[in-house]
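What follows is a group of structures, each given as structure tokens.
The following pair of complexes shares a single chain, chain A, combined with chain B in the former and chain C in the latter.
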Partner chain A sequence: MTQARRHDRRPQPRRPRWLDPRGRHLGTWAFVANRLTGLGLVAYLYLHLVILSTLLRGPEAWDGLVELFRRPVFLTFDLLLVAGLAFHGLNGLRVALVGSGLLVDWHRALLVAAGILVGLVTLVAAVRILA
Partner chain B sequence: MNAPRTVLLKVFRSGPDDKAPRYDQFRLTAGPRTTVLDALLAVRRRQDPSLAVRHSCLHGSCGTCGMRVNGREVLACVTRLKELGDPVVVEPLAGAPVAGDLVVDMEHVYQRLEPVGRPLVRASERAGKNDGKAGPGPVLEGLERFEDCIECGLCLSARPVAGDPRFLGPVALAAAERVLEEPRGADPRAVLGLVDDAHGAWRCHTAFECSAVCPARVDPGAAIMRLRGRLLRDRLPRLVGRYHREGRS
Partner chain C sequence: MATQIIKEDFSEASRWRRRPRPTFAWLAQVVSGVLLLVLLTVHMVAQHFVVEGGLRTYADVVAWIRNPIVFATEALLLICVTWHGIAGVHAVLLDLGLRGRAERIVARALLDLAVATILYGLWLLYAIAFRS
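Let's turn to the complex of A and B:
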């Protein structure tokens, strides 16, 4: 065994394995999406705090920023945020249920249901935000 | 569609004398029923006898020819070339050390199976001592395995996060779940203690890729989730009891 291990000279992949779900099944895609949306939401939380700190520079600075964020490109980011939040929350609920030994045989159906709900939430948000 | 076609195989190569791994290219003619293993054995027979590839039964029941083909974990003996594109990239399984070319060292899989009580075959079903009567002899003693798992290692390779060598892995965890379902004399408490660990049942990422690639339909992902459910049911009364005790004092 020691000798066999010495022969293993496979190069380390340039990016983490989990970042490449090509050719994988639905569950792995959901896992990757959950991680990416989680990282995105953490990044947004800090960005949000930085943006809120503009209030310290007075109402003019804040109003200017709000005006900027009403542009379509930023509203699209808002929509992306809602979709990411909905997916992370609903898929997290699925993972918590299945990971507690509940509805284990329904994990695929739960994922499909979560996907449908995310689509609906995003659609409603699109109408409300972009209209 | 059924006419023979020429296929390009890109095969991972790594031997004890190689400084770095490489991909060798082999062209061969494949018929509609030619499998990846057929092609590799043809390469070894006609083009490069040094190619290391492991196989045994040739019909998907021994689990020795597990490998990655075009990035997916498969048993090479039941995967037909016509179902794949061109070129076909053949690599050893991930998450296990390469012994040579397409062969990986599976010792760590077997080592993890031992403490969870792998022998699940009833004592009455075991082959007896070879007393000259018909039937298998004592060579089978200790080689039993749990239910349908063929210990091919595809599940270990398919995990989205396969870097932690301390992880018990889907094979051992699925075996542990079977022991708990049907202890057959084994001590369930010891098995529960073994899997109730950050590198045990709680290390799984709930992607179910292990179940998706399992050729024996063992569904190790679901087994791990059932294990977690059992651990929670086991822990919850103790946690509630402690909360009540601390509340009263």
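Let's turn to the complex of A and C:
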């Protein structure tokens, strides 16, 4: 029996396998994190458009909002956003490479490298945003 | 029954030759993703990291967006990020088991949402740059 036919006989899961955390490997956690950061970033895209729409209400409305966004709670949110963007972008690049059949044997090393880069980007952003 | 040992070539080159043919959705997601890595890095650095206090004042935003290169870059970013995001949501819904007629309806709704988002975003860019 070939691998493909064995695969076809597997029962179809009722829920997505990536939502089930049991017995998962590092790569699956990265996949789940990629999905979750992606959904968060889509939500932020629409929030961003709503915020930018304030520019249509003139200088007072926008400049007032800028003052509000300089408060620590919003700066912390900015840092979270940068970390999410960096993870989704760099891990997404890894997924694109491995999914295209490139550097398949290096997928764990690529994930570690992506993790280190995300940490560095977040650190630089923290210094720039919070300092 | 004798055990038959089948030797298979699992080298990277062999896997590359035998890889499944990529779908349009996959290729579009990869291309838009790579573009986004560049465009978002430019956006975050130019719009936030090099700006005093992280955000431009109203007058500075308008002057910045009126630069044709900035306008074009932000428009391209908007198109890429909307496509990538909406296609990502579609992929998640497929993961959740959406199939058949419901999938076609949702896919159509997501496409309409993407078009509406891009049109609104482009109009917003234009309004900020030239009607402020």
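The rule we apply is simple: the second predicted complex is superposed on the first by the 110 of 131 C-alpha atoms of A that agree within 3 Å, B and C clash if a C-alpha of one lies under 4 Å from a C-alpha of the other, contacts with A are read in each partner's own complex, and residues count from 1 in each chain.
Please note the rule applied: a residue touches a chain if its C-beta (ideal position, glycine included) is under 8 Å from a C-beta of that chain, and two chains touch if they have at least 3 such contacts.
Remember, it's a predicted structure, so these values are computed and weren't measured experimentally.
Residue contacts after overlaying the shared chain place A:102 against chain B and chain C alike. After overlaying the two complexes on the shared chain, residue contacts for A:32 are found with chain B alone; chain C is out of touch.
When the shared chain is aligned, chain C comes close enough to touch A:129, but chain B does not. Between chain B and chain C, more residues of chain A are touched by C.
Shared-chain residue A:24: touches chain B; no touch with chain C. Common to the chain B and chain C contact sets on chain A are residues 16, 18, 99-102, 104-105. The touching residues of chain A, counted against chain B in their complex, run 1, 3-11, 16-18, 21-25, 27-28, 30-32, 95, 98-102, 104-105, 107. By the touch criterion stated above, chain B contacts chain A in their complex at residues 14-16, 18-21, 70-72, 92, 94, 97-100, 105, 107, 158, 160-163, 205-209, 212, 221-222, 225-230, 232-233. Within the complex formed with chain C, the chain A residues making contact are 14-16, 18, 35, 38-39, 41-42, 45-46, 49, 52-53, 55-56, 58-59, 62-63, 66, 69-70, 75, 78, 82, 85, 89, 92-93, 96, 99-105, 125, 128-129. Those residues of chain C that touch chain A in the shared complex are 12, 15-16, 19, 22, 26, 29-30, 33-34, 36-37, 40, 44, 48-49, 53-59, 61-62, 81-82, 85-86, 88-89, 92, 95-97, 117, 120-121, 124, 127-128, 132.
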